[in-house]
């Protein structure tokens, strides 16, 4: 493989080499942080909901326990399935993990930064989704097919909204680099394009809910397959696969959330420590917010969900126009 | 160049030999394979040699023709297209030989002859340096591809599809005639070089551009000129559809790029037009594709979608050119070119594997298939690779070219004025939407065909197709992975070709700023692969200690699930189609979401109706009464007398 | 056999002409220049090929064909006379002779339709002949100072002819010879005549006789050219050309009878010819080039039609299908003829159409350009639909049963014609090239 | 002076043919017209050449043709033009209009030499046009042939202009033309009669489109 790179583009190969050994440590560190912290968000959300409904609720670390329990369990595979069914969770988790490498976490700078990495960011999520949908279809169960269809449908819309938000960000900071866009000169950009960023924030929040299968788009806790979107896709997964999937969705929530937090809390000018503090605070607030939303809203009817997403789309569109007016 | 001439010579000789030995299948078949290999290798050599040393080569045939001279040559642009042509023709040819081997009632050598003729004419199209040679090759391409399409001409549907293709292509050609003649008249010569020397007035360039977009767009399949495409591709044998959709429709793109190369300055709305066409064709193509349930028809619509993506790249590139922004122009064109190559590869792969599905199961109806991955492992996995590539997902080649196009659009937003920003923004959104929909469409296709259980037909007797068919597909898949993981060679080639469109010296810095991010992409992808490996390893290890059981799919409490209860492709696509129904204006029929073509129904059919009606009405002229006939003559005479004498 | 031998001798004499210089004058009445030599060559070659074909064609019937053969030979001589005549009166007489001699050919099958077609043909063409005679008379009147209508004399002092009479004569000659040539709106006899005549006769008429009559029209244009009246005549010619194209487009669209469709296609090509000489300049070259290719292509496809009629016993397009299955060779040549006539490379018509379009653009005749492209496209729609539906598909069973196969004598001519067409195709060899140059010089091309 | 009278008579006769419906009468009128016509050469250039032409014309057109035509109508046994395409009154009216047109056009043209009466050209034109009108407006094959012949007479009038200038060729042309034309038409009339039961071309409308 290395040889092939060499053959293809010797000059590039050089900086690939030193690039690799320079980024080794940060990458591992970043991955570690993400792996450790991400399930916590789910815990916070659960706790919030419990409190708001006046229950004590599960402990904060419950997601860790669940995943751990699943890691100790064996697998059941349908005779219909092929290797794709087993590979999908792995691909999904790996893609989400790697995508986190492009995302700065407060003081913790993103280990991999390059021009146009948002496209890769989006691409990785696309890959994960592709894998999961295939896995769902692999079981040949009509329910999972239904879930897959819904997932595909909504993801088309969310992806568009996501890109609109990217357009806003990249117009504000004349860059298409994720960490620059979300942190770079956020403060000045707030002066410049405050309203646009607010619109973007709202629409992105809706995308966040939809992508992570939260209420009002989807109810992770429902027990009726007909109404599920995301959960119904993983009905047949068990053991490690299910663990990977849960872990993956936790990380997804974490990464996507951190994007929002990075933007809404402009903290690039502070010291890394303060930055980290504000970041983690922001994450807490975010998960609390999600919890509040979930406990005070009901799940929408399926045919209303596109309307919700299109609403988000319109919001983002207005944001773009505002930016263009400011920018031009 | 000599290599190219040799390969042309080989092909021509083979054509005559096969025509002579038409009676003896074996001999002509061997001639076909041999000449195919020879010619492709030679063509590949010439293409690569030109691409590496970016020095164009020319060849004059000292030979007088009524207008223009016989003048062919290769520059980076032609060489890039030549690369795609030779690779795909080589592989598809071998596949086709194996695909048709068992068909004993037809005379294959005729088919092979036309295959070679198409090969020759495609090479000539990209190599032509003179408008007349170009047009000749263009027409030969049309006619030979027509006979390839109508291989199964016993079926009426196939004949109609071929007829539609033929008339659409020929009608488009008239626009090209006028366009080239106008250019030649203005430049004083029909050679492309002299044309590119001379400067054209603004009004003329606009007209030429429109003519070019119509004439070339028919071939390329821009919406709404695409009507022939979804009919023709399914009608043809699979390797032919692979070639058609892989390279032949790209000749339209090549022609447009050549046009841009020759006339450098356009009015601004041309770029807008190109971007709009890109958006409409891209989104429309993929939406129509979602509604299809015949695999090759679905793939055909995806060709339209990818042509749309290419047009987006060209549009933004043209815009950059008009604003004298080399960087954007370079990335845009490079993205478009690379996508041309990539689409040739993965669409070829998809059509070939679809063909092997059809060859084994004798049906292309997605809703009747299912669970083939177990029975056609090679076909299935190769199709999967093609599917991921065409969705533009990382790890495969589609991602690289779409990355370039995306990047060009973003750069465009930074560098341009208001309206440009609006359009490139629209382009970005469209591209994002296309990505999502394509993913949906191919999860649907792959899932319904290869996963789950078979819905109608009995899989048990199916077996994998011979290796002569799998090997070409495997090679194509290999190219997908290679370009996806190590894009540098192809990207640099594409950059070279792009810089020949917009004649600036690609500064190494510019190249670096384009290449190095891709390098980082590669790094991330390598990390991704490592992560996957690690996770798999962990799971493997753990599986040693944990129990694994097999059972049926959980029926959610339903007691007697059957295969026919699986979620079908129609129902999968239905939810998306319902959202976009109003947007596209197509009608989703009850029951199965069958999609009706808007342009075909509401634009072209009425036109034909009008023509038919008029001709039917005017047939009264020949009423049968001699007296009337004599009267015509007399009236005409009087008319002339009064017109000319009085 | 007599026929064949005569045709052969004629061919030899033609070859003899080629050895000599390109414009000779035997006596005041006879002589030839480049164009007439070209036309003469086309005629004799085509006649020779058709003679071969007829040997196969006639032996099918049990009837004696002496009358027919006599007519054919007279026809050959009169056509030669047209090509060689250097005197407008003589030219007129010769053309009239050809017109009359065609009648028995059209009435070959003696069916009611045959007679009807013959009647219409005679009536209309005799009217045309009358007009052309009038035209000739007017020409003579305008040339009273010369007291002759020898072509060279007229050409040399065309400037001194009295313009008003000359114009009158030109109009009448155009209408008259146009009728014979089958230009819209004087075309009306053509579909009937070609539709009822057997294949080889159709080939002869649309290939050879049309070319010969074109020569006459060309002479008229020559006179106008020398009298500096292009501005007067070219709009008329362009109008005629466009009208013919449009008419062909109207009638070729879903046409039901194969031979009639070929007739309309011949009208189309005549239209292209006059359009070319109307535009002048480079288009004259194109017209002459088109003349050659069209003659042989028409010969080819009409002979194919003859074969089809012998096997399928019908001209109805709906009843003819799957020729490729039934008669592979004939089917292949059917396709070839289609490719040639609809102007695909590597055949010459592609070139001439392109050149004429070029000239139209050069002379800013944008209206003509538009209609030219439109009508050509529509014609192609109709033409391709018909022929491809005939060639492809599977034959109906009662045809499939019949045991007729490709007959050697009736396919060999097709081979020859195809070879010739390839030869005079896009890769024009130099001698022919210069020859056409010389011919188009006559009209300042 | 005599010439002009003759010309007027010729035109009048053609109008009479136009207005008449009985075939016999029509043929007789045509014969008369031809005979009158045959005198014109003598009136213009009294010369040996002219005499010969006059005689030939008189015999051919005044005698042979009518005989042939009479034979034809006896053969196909038709007496009168049953229903013409255009009514007789209308036809006559049209004839008048056409004569007007003829005079209009010929007013544009100048005679090569003033020796001849300037009535010649317009008269010739009007005769031609009337002949054409006959050709167009009648259904019976015979009537159409007569119309054609009337046209020939008109053309012959033109030919007179060139009588002494151009060589014999032109007249040869005319004779040949009339001769062969009528001959062939006669034959075809026979065929028409056998096939269609009547010599009316109204049945000849099977070939269309």
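Per-chain residue numbering starts at 1, and chain names A, B, C and D are given in the order in which the chains are listed.
As a working rule, contacts are C-beta pairs under 8 Å (C-beta built on N, C-alpha and C of every residue); 3 or more make two chains touch, one makes a residue touch a chain.
Small disclaimer: the values here were computed from a predicted structure and weren't measured.
Peer 1: Along touching chains only, what is the step distance from chain A to chain C?
Peer 2: Each step joins two touching chains, and the minimum needed here is 2.
Peer 1: With chain centres taken as the means of their Cα atoms, state the distance from chain A to chain D in Å.
Peer 2: The separation of the two C-alpha centroids amounts to 100 Å.
Peer 1: Averaging only over C-alpha atoms, locate the centres of chain B and chain D and give their separation in whole Å.
Peer 2: 70
Peer 1: Quick one: chain B and chain C, Cα centre-to-centre, how many Å?
Peer 2: For chain B versus chain C, the centre distance works out to 42 Å.
Peer 1: Taking each chain's centre as the mean of its CA atoms, how far is chain C from chain D in angstrom?
Peer 2: Chain centres of chain C and chain D, defined by C-alpha means, are spaced 32 Å apart.
Peer 1: Where in chain B do residues touch two or more of the other chains?
Peer 2: Correct list: 619, 622, 626, 630, 641, 645.
Peer 1: Identify all positions of chain C at which a residue touches two or more other chains, and write them in rising order.
Peer 2: 119-120, 123, 127, 164, 168, 191, 251
Peer 1: According to the definition already given, which pairs of chains are in contact?
Peer 2: A-B, B-C, B-D, C-D
Peer 1: Please give the residue numbers of chain B that touch chain D in the complex, ascending.
Peer 2: Per the touch definition, chain B meets chain D at residues 619, 622-627, 630-631, 634, 638, 641, 645-646.
Peer 1: If you look only at chain D, which of its residues touch chain C in the complex?
Peer 2: Chain D reaches chain C through residues 108-110, 112-113, 128, 132, 135, 141, 144, 148, 151-152, 155, 158-159, 161-162, 165-167, 169-170, 172-174, 176-177, 180-181, 184-185, 188, 191-192, 195-196, 201, 204, 206-207, 209.
Peer 1: Tell me, which parts of chain B touch chain C in their complex?
Peer 2: It comes out as residues 63-67, 132, 135-136, 139-140, 142-143, 150, 153-154, 156, 159, 162-163, 166-167, 170-171, 174, 177-178, 181-182, 184-185, 611-612, 614-616, 618-619, 621-622, 626, 629-630, 632-633, 635-637, 640-641, 644-645.
Peer 1: Please output the residues of chain D touching chain B within their complex, sorted ascending.
Peer 2: 85, 101, 104-105, 108, 132, 135-139, 144, 201, 204-209
Peer 1: Which positions of chain B touch chain A when the two form their complex?
Peer 2: 370-371, 373-374, 384, 388, 391-395, 399, 402-403, 406-407, 410, 413-414, 417-418, 421-422, 425, 428-429, 432-433, 435-437, 439-440, 443-444, 446-448, 451-453, 482, 485-486, 488-489, 492, 513, 515-517, 519-524, 527-528, 531-532, 535-536, 539, 542-543, 546-556, 561, 563, 565-567, 571-576, 579
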